[in-house]
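Sharing a structure here in structure tokens format.
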């Protein structure tokens, strides 16, 4: 998933919705900022949590592909399995736990068959019982909505007809449900190591079969989680209330939640958002703090602000099918020409320079040593000369309406000019940016992009972003058209391991090697992992803040 | 009048259809869409139809309040309606300020023509109309609002509070936007009025009024101001209509007021045609309607037109 | 002897303009008695309008300077404060302007504008003011005044507007009525009616009239005394009889010559005075009319005083020419090229 | 000598009267000579013309500033550079970043550009740096070139088009007049900012490529085209009225009688008679165009980066107002000063040439 692109033209700067994924505790990363050794104090319930929130695309779990929505959805829409919530306090956050199903499923047939049994007596916020057939209806609904999530389902048996013509999708033979027994069985074409993760994202969160098969926003579809959304006024406000049919402690992984009501004011204006919290009109600021006031806020509200690294990588893509970047030396030159520290500075310091593609929070992450491409403008110049592409024209794509992205593009342009190319800048509105650079006819040579995980597994990175087999004419995610046959094969192999082998030590190191191989190939120019902020008002107890897989969990916020 | 609106809609449509790379079907289809998806959507939205048919469909949808945005499928008319309170609050407040102060400043300036007060007002008015609104807005917001910047936070840092929710906060949040929007108009109206008054003072009928032995105040108010205000009323009608119709894009954007202009800015950024079409037509409608009102007011103020 | 209402003594009016000091009125003096009509004649730019406006205090301003005295019933109007001057305007001195089209405010009804004048000076109610207005309109000869009182100026014809102006000027019974070229913009037939009206109302209202015109013919019937002005100065002054039958100043001859007359043989063409009036910033040396005067000679380089040069007392002029010479030559100008036919 | 007190508003009455009474000689001169004489006496107006010319010349001399003073080209990104300020070495951009200590990110805030150095750094960063370490002073001058170029060129195009349209409408009347007037109405009915931004955004995505006209997306000609289009009725309408009034005057009839063709009458007879109004309106439209450019650039629909213009600089700096106010502050002052000087000069010109010319301005 990409962080949201603000379209507020003037004031919004880094409109990142702050994907607050904690640095994973599993294996590598150590504990997260909030993940203190002592458990967070269990909060008491309180009537109303007022929050300042970034705007989002949709509030329908079948359609939304933005963090702002997903952060709320974790307490609203539940899948058969869920990402770690409560256990994040003490355990690791990359864990998948049982959600609406009683277990994390039984995997058979070498990883091709997943079977789940639903918990009994769970009801949606509209009073309807949660049925097994609702799962299938949800997936079919995703197709009918032309959901951006349908790409995750292509490995399910019998989806071909739906993929060909999503809006007339009527059945998927690979999903077998039994309402009486409460069982859901999913058959895959090939084993898939990350499939449990797929089942934890909101696109697979179960909504009633009776939900209209169109964008449903006011109110959004009925929810099976502890909360439901009662009101949503796009770009302006939302209200979330307790699900009256929620049974306490029914699902151990999902907390009951402290606030009775969450009232959100939506804005992309970071300074306004921050001031709402500073003045006590809101209790939590979902937007990132404005870059040029960071120091000020940090000084004045030091106890109320948290910083956390996100499982994200900001990088430049380089189109390997177009000159000059079909030349390895040219790609290496760009890698040498970028002073990653300066790009961190552009974000006010909110970032950690990186040379790996995979973020450090992953157990599969292994820092590439020695630093592969230290900043060296001379070397970059030489490489451009050696590549024989000096003097060529290069067009840089970047996002026009986010100041930092624009500056980043300007920085790249200046560096490329310094090392011997004639670079021009092409800024495009964020709303259309990825559609345009993802269209092969645009022939985007080089440009800005970033990636925030959908779920914590490397296939969400390498398979989606760098696997040459997934290059598409439009809506391409592999903007650089990176296509290295041997690595494609290795990604495919790792991706189709049975889930039991997905996190083994050998698999982890195999992923790390893939990461290194892409670095050697100078496939992209990864430059930083993002850091985001959480800003609480003085009446909040910051110690309650739990980072779940995707973000702070508003359900677990508590008062002092 | 309807003809003007239709023509306006056609021009907006034309402007946006010449954008390449802005294929709305592709945007709706989302990230993982196939070519087939896109074709299907294109058909559903009628984007495969001819230029004129598409335009007709769009206008029809707009007038039947069924028009939805390409980027997030929200109903355009609903969104405009939701922007109305903020936009109207901004426009009406600012309108009162700029008209009131414009008349005051222009009158004082004309009456004391040549003296220090006139020169000071003229200088201030000139400075006022010379500042870019975006800049003025940013500077005012930075220096007077938000404690992260200058350390002064007399005013809230942008945003809009509905009048019905909290009248005091409504007023408090709107002070800076009102001032920002009004400054240029005050300067401009003041100057126009000053020169109108100085022109009118030389009219024969003012000399007649003086010869009748009327007091200066009475001559000013009854004979000079009334005649001088007629062109101002015309201007005010158009400017006010433009702001009411979402024309204060920059002010609404700088202060993050979620009004019609703000909505337009958002739609422009995402190259979203239907909302832009809606807002532009909405704005044009205000201008057309107010032009009519201005004509009526004109007839009321000037009997020569009324009776001819 | 009739009451002396106005005594103007050596009045000077100067304006500072961006081009220099304009001496608009230079040393004009005259008296006016109740019941009399004083005619002031001259081309445009001769200072006659400025004189009239100065009497009304309408030329006051930061760049105007005044010298001399304007004694109205013994009070020097030049020294009166602006506020007090309001009481004289309309109340003691009324004025009618040249262009009735523009002199009335187009956006108010005729009645309102007249009533406004009444109410400015007299403490009367609206109703009374309106009744008075209707009566005034009737007196100036507006038919159907009860309904016309609510008309707007543009609904009146030119002549009617001028009548309305007269009604307005007379609304508070002023002692002096100044008519500043009231007939210039009107048809010839209407002109006569207006002149006749002014003359009649003067008697009805028992006031004095200063009638300003560039056309001597207009005041031929009603003026008691005539002042001829040129370049801000009085160049000839005398009774109507003096000026018409024994004009001493070549400029006056020119003015007389430009009147179409039925009582004389028709000249081939009406006389025009060659050239244009001089600049008032840098007036020519000596006699101001010298550059345009066909009879000018050496002595004209010195400016002649305004003196009595003929046998009639009170008939003053500013011309060095010998009286006999003038009497011999003036008909060439006055009657054009057809003198021999007389 | 009796000098009376002042009454409130008789100044101009008296002045006009005086001019009328004493003006016969002055009237003999050509209005242009007259205007020139009035202009020469209007010292304030001339002083502001001087300021405007000074700004223009300064902007034109931008390359000289780079080679002699700042030694930093306009688009040169110097994020990691240092300057010596009073003998001390200072980072142009404060260096920040994050260290993960025991899994907790330790933030050092960075990215703050140095402020105005005035003389301290030997000509470098006289007005400070922007977020990419570029020299604000240099960009201010180059930005001024773009802003002024857009302002003057779009005003010139707009004025030319409006004059031609007004002449056609006024001369031919009838259906031609109807069509042109409706066109004016139509453009007039758009909120200017909205129309300008809509056009600017649409065009700045991929440029304009139709027929022989090929304008790339980053071209200055896009804002120029947009601005010159939206202001057409602002000049066209008043001029059409003037031409219409002139059309029925004797000298046009005389010219027609002598067999002069429409083109000749329009350009040799009618145009000189409206020329003074055109000149005044032109000055005021230049000022307006510069302001409009700011609005367009502020909303991302004007000059495209990294090319500076005063508008884009304000927009870029708006994110860093609290730490580096210089980025927005100086271009704002530059615009205000430029527009002010044009307005004052335009006022003087109007007083001298055509006291009735007025222009409606709009903003948002």
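Think of it as A, B, C and D in the order they're written, each chain with its own count starting at 1.
As a convention for this text, a contact is a pair of C-beta atoms (placed from the backbone, for glycine too) under 8 Å apart; a residue touches a chain by one contact, two chains touch by 3 or more.
Every value quoted in this text rests on a predicted model; they were computed, and no experiment measured them.
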**Request:** With contacts defined as at the top, give the pair, B-C or B-D, that has more of them.
**Result:** B-D
**Request:** Please indicate the chain closest to the centre of the assembly, with centres calculated from CA atoms only.
**Result:** B
**Fill in**
Greatest Cα-centre separation from subunit D belongs to chain C
**Prompt:** Distance from the CA centroid of subunit C to that of subunit D, rounded to the nearest Å?
**Reply:** 53
**Request:** Compute the distance, rounded to whole Å, between the mean C-alpha positions of subunit A and subunit C.
**Result:** 93
**Item:** Chain centre separation in whole Å, for subunit C relative to subunit B (CA means)
**Value:** 54
**subunit B-subunit D separation of Cα centroids, rounded to whole Å** = 21
**Item:** Multi-chain contact residues (two or more partners), subunit A
**Value:** 9-11, 290, 293, 296, 401, 429
**Complete:** Within subunit D, the set of residues that touch 2 or more other chains is 7, 10-11, 13, 201, 205, 298-300, 315, 318, 321-322
**Asked** Which positions in subunit C touch two or more other chains at once?
**Response** 58, 62, 82
**Prompt:** Within the complex, which stretch of subunit D touches subunit A?
**Reply:** 75-77, 79-80, 93-98, 100, 102-105, 107-112, 131-132, 201, 205, 217-218, 298-300, 304-306, 315-316, 318-324
**Request:** Flag every residue of subunit B that touches subunit A in the complex, lowest number first.
**Result:** 21-22, 26-38, 40-41, 44, 71-74, 79, 82, 134, 146-149, 153, 156-159, 250, 253-254, 256, 258, 265-266, 268-272
**Complete:** subunit A residues touching subunit D in their complex are 9-11, 13, 23, 29-33, 35, 290-296, 298, 307-309, 339, 341-342, 344-353, 360, 400-401, 403-404, 406-407, 409-411, 413-415, 424-429, 531
**Complete:** Per the touch rule above, subunit C residues touching subunit B in the complex are 56, 58, 62, 82, 86-91, 94-95, 97, 99, 102-107, 113, 116-117, 120-121, 152, 154-155, 165, 168-169, 172
**Asked** Hey, which residues of subunit B end up touching subunit D in the complex?
**Response** 4, 7-8, 11-12, 15-16, 18-22, 110-114, 126-127, 129-135, 138-139, 142, 148-150, 181, 184, 188, 192, 195, 197-199, 201-202, 207, 216, 220, 224, 235, 238-239, 242-243, 245-253, 261, 264-265, 268-269, 271, 276, 279-280, 283-284, 287-288, 291
